[in-house]
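Dropping the structures in below, format is structure tokens.
Each of the next two complexes has subunit A plus one other chain: subunit B in the first, subunit C in the second.
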Partner chain A sequence: MNKTSFRRIKNDTYKLGLILLTIISTVPFLLILFFVIKNGIAVINWEFLTSLPKPIGENGGGIINGLIGTGILIIIATIIAIPIGIITGVYLAEYPNNLLSNSVRIVSEIFQGVPSIVVGIIAYFWLVKPMGHFSALSGSFALALILLPMIIKSTEEMVKLVPADIKEASLSLGVPYYRSILKVIIPASLSGILTGALTGIARISGETAPLLFTAFGDSFFNINIFKPISSLPLLIFNYSISPYQAWWAKAWGISFLIVIFILILNILTRILYKKI
Partner chain B sequence: MKLKLLNDKVFKNILIITTSIVLLIGVAFFITLILESTSSISKFGFKFFTSTDWDPVFEKFGALPFIVGTLLTSFLSLLIAFPFTFAIMVVLGEYFTKGFISEVLRYLTELISSIPSVVIGLWGLFFLVPAVRFFQITFGLQPYGVGIFTASLLLAFMIIPYAASIAKDAMRLVPKDLKEAAYSLGATRWEVIKQVMIPYSRSGIVAGILLALGRALGETMTVTMVIGNSHFIPKNLFSPGNTIASVIANEFTEATGDLYLSSLIYLALVLFLITALINLLGKYILKKIQINH
Partner chain C sequence: MINSILKIENLSASYDDKVIIQNINLEFQKNKITAIMGPSGCGKTTLLRCLNRMHELTPNAKVSGKILLESTNLNDNFMELNSTDPILVRRRIGMVFQRPNPFPNLTIYQNVLAGYLLNGIKLKKQEADEIVEKHLNLVALWDEVKDNLKKHGTFLSGGQQQRLCIARALAMEPDVLLLDEPTSALDPISTQRIEDLIVELQKTVTIIIVTHNVGQAGRVSDFVAFLYLGDLIEYGLTDTIFTNPKNLQTEKFLTGKIS
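Our next item is the complex of A and B:
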């Protein structure tokens, strides 16, 4: 009897301890959220969102260059990665076991784990060096390389989930293969593919390392994709390691914007995911 | 009829060509890293990894301090992360597999992994660094604040949800009859977890740890912001240091001279090979588990 109650106590202690550890592990997250909201909200106002940064010593100024830069970087990266990713994903799902698909699957898996800074180096040698200067395009390319494997993977998995009967029904009605894919298979898996794309976009919207030697940053208003461009994560990095308190405050403000943006994408993803 | 056939052919060609482009990008990626690091590889060879001199002025480059820094931060962060990862794995994999608490926890861990590393670095810089400095002053250590330990703490926080979500999935795959067999013999829930579930999901747990290690090795921004960027081998866990990723982030745009740049690419190549290997191994284990079920 004594031994049984000891085992029971041990059982309860472990359960309590593990739950406690789990709760503790979320504390840093709540602290980060608290700091970002507390320090971020104080900075956000109309001027912060709509004007260019001012030199240190002058009050005010904003981050419109970073907002527009991040927007452009994400849009171009998405335009590059989504078509290639979806087509490759469809190929992998339709021809799962030949030499090409097996090797592309390995490449895609390696890419998912490549440190993003290494991707930045590649974009530097492929685009920045030949062009002779940093550019938004090279930054977008780096982000696209990070986004691509995520879209390939979610497309492949989603297309595989579409029941074979649906495709066969379409083919048996005499619909050509390419139309069956475009009009039946892809629409059937679209919300899953979109979920993958949104998760990927949320991830690249916060990427900093690959932009260090590609987009580089710029403190003026710029929409030319062949010129260096600023981005919100780059601004956070530059401001936070600067010695000026006024810039630290800006770094918090930008973090607030990015975290909100990512939270919204997260919620959208959840809504889409529930539909599948 | 002929037109349709042509279209199917064209469509298939588009699929093949696009997929081949992805393959080509992957191969060219690797080749670029090798080509661009050639001059450093041929000059320093294997001595690159044993020399501690990193001196751009005299063009002497040895990577040992950065390799030590990378290994220290990664393994220390794994060590710190382990008890928490284990706890989340058991809590989400067995205690609360469904319901409100499980949903909230799952959502929280998902959110943690979606916070950009630069934001985590910012928090580290203005909260964790002063906190660590306070402890160092209290215990009479040199009050750097920044350093290997601070970076490892942040890394640990970042890899916990990633490792835990993989390990938890493995735990949920444990067949019901196995668990029920143990219960019917009179085992408590903890005994079932310890003696049935953990041994059964061992390979999934290993895969989670491996993939988390891959992340920790390559994480750049957070580490760069709080590690202190020193070019010497850290004397203890609280000293400032540098990792492979952080030294690349700091010096790439300033690298004047071909040998300097090429040495940085050499570092990137090493990082790429190690993370690729670890990732493939982790994914391979996961695939094997999936096939078994």
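Our next item is the complex of A and C:
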């Protein structure tokens, strides 16, 4: 065997190894997706999406309370986290090296690694206990705490990517600093900031642990944010630990809905990302 | 006859305690083109950025000395820039940067009007159209882009983008236009067009151009200032300095012995 063909065999072996390992690492994801779709799609119908759960023993019933609840929780969490996150992120990018920004950056990075159940406990002590009862608001607050560091990070990175001479161009036209930030820097990085926000929303839409002590769950139709509210992940949790087969099927159906929602968010993210 | 529009007295600038330029005294003539030339790192750009108070935006930057701009007020002849609101200074002294930097989120039309739009100055549609057409004509870009005004400025070629940036600066009707090596990122043909444009523009505005290209200084300028290691070595009429430099360093720079 000469040297060249030995090298070629070595190359091919490595390549084959890479392909095999890639397939192995993807297979579990594909299997999960397969089971979620297989078990979930059969459950989805109009009644499932638009009616309230029925008591045990009755057939049918749906998850409209969870859908509405998750919608409300995500919207409020987003409304809380996006402005604060963007403002903080812009500050970190604009003043990267002072005491405040260094501390905020460290805290925000540590917070990203805090288990979500701990965030739930924080929200419990800050909101649920003083208010005296569980509420959608406290659930949103917990989700906002998870979302916030993600938005801060992505905003900081995206604002840093805006070339310095774009800002200088604005300043050199006699545009005040605050207007340059609002009218030039943020618009120029907006698609990146939104990409980060969507990734964060996809993450919190499946969070269950922080909602256990906060939003708590509710089997009726509720849109009052000061009352306990249901959510899709909580329903999955409750249904899947129940002993009833009909409820397991519902848990699959909800899982399927969440996966589809995250898939849509991801596609949106990719479309936005191409614009950066 | 000397008609100064901008005077520098004992100007020194530093950042991080590193002195960049020291004790510069210069007068810029109205509606003339002054080139500031010198080797890389001699402080040309810093000097230019002091003039519209951009230097002070750099962290740890210091400026001392006086910069005087012809006053719009009839009682005074000159106003002190360091005691004037930098925003007003920058509206009277426009700037064009090394690399073309049109605003990526604005259209060509909006880019020309950027100084108005970003400052929140309201214009009537007709007024806005006139400003855009006039200034795109001034930079000889109107014919090339008049059908694409709604497209984003970043779609243009480098040379067109730079002319758009000049139009953007001119649209604010400044008295002085600072050009910081405006052609260093451009190809020779675009460079020539910009140089022709600069010569044309001196009718409407006083131009101060920084360049490390001796040829460019010779082609476009009426006056030339030679900076070396932060000192002003020589200043005078371009023709005089190019044919008969008094200083040895200037001669070395002009003949390419230092660069």
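Brief remarks on what is shown
In this text, the second predicted complex is superposed on the first by the 259 of 276 C-alpha atoms of A that agree within 3 Å, B and C clash if a C-alpha of one lies under 4 Å from a C-alpha of the other, contacts with A are read in each partner's own complex, and residues count from 1 in each chain.
Quick note on the criterion: a residue touches a chain if its C-beta (ideal position, glycine included) is under 8 Å from a C-beta of that chain, and two chains touch if they have at least 3 such contacts.
None of these values were measured; they are calculated from a predicted model.
In the superposed model, A:I181 makes contact with subunit B only, not with subunit C.
In the superposed model, A:R7 lies in contact with subunit B only, and not with subunit C.
By the touch criterion stated above, A:L145 is placed in contact with subunit B alone, subunit C being left untouched.
Contacts of A:S170 after superposition on the shared chain: subunit C is touched, whereas subunit B is not.
More residues of subunit A are touched by B (comparison of subunit B with subunit C). Shared interface residues of subunit A, touching subunit B in one complex and subunit C in the other, are 176.
In the complex of the two chains, the subunit A residues touching subunit C come out as 163, 165-166, 168-176, 179-180, 183-184, 187-188, 190.
Against subunit A, the residues of subunit B that register as touching in their complex are 4, 7-8, 10-12, 14-16, 18-23, 25-27, 29, 32-33, 36, 83-84, 86-88, 90-92, 95, 105, 108-112, 114-123, 125-127, 157, 160, 188-191, 193, 211, 214-215, 217-221, 225, 245, 248-249, 252-253, 265, 268, 271-272, 275-276, 278-280, 283. Residues of subunit A that touch subunit B in their complex: 7-8, 10-11, 14-15, 17-22, 24-26, 28-29, 31-32, 35-36, 83-84, 87-88, 90-92, 94, 100-101, 103-104, 106-118, 121-122, 124-126, 145, 148, 152, 176-178, 181, 202-203, 205-209, 212-213, 216, 233, 236-237, 240-241, 248, 251-252, 255, 258-259, 262-263, 266.
Residues 52, 54, 57, 87-91, 94-95, 97-99, 101-105, 114-115, 117-120, 165, 168-169, 172 of subunit C are the ones touching subunit A in the complex.
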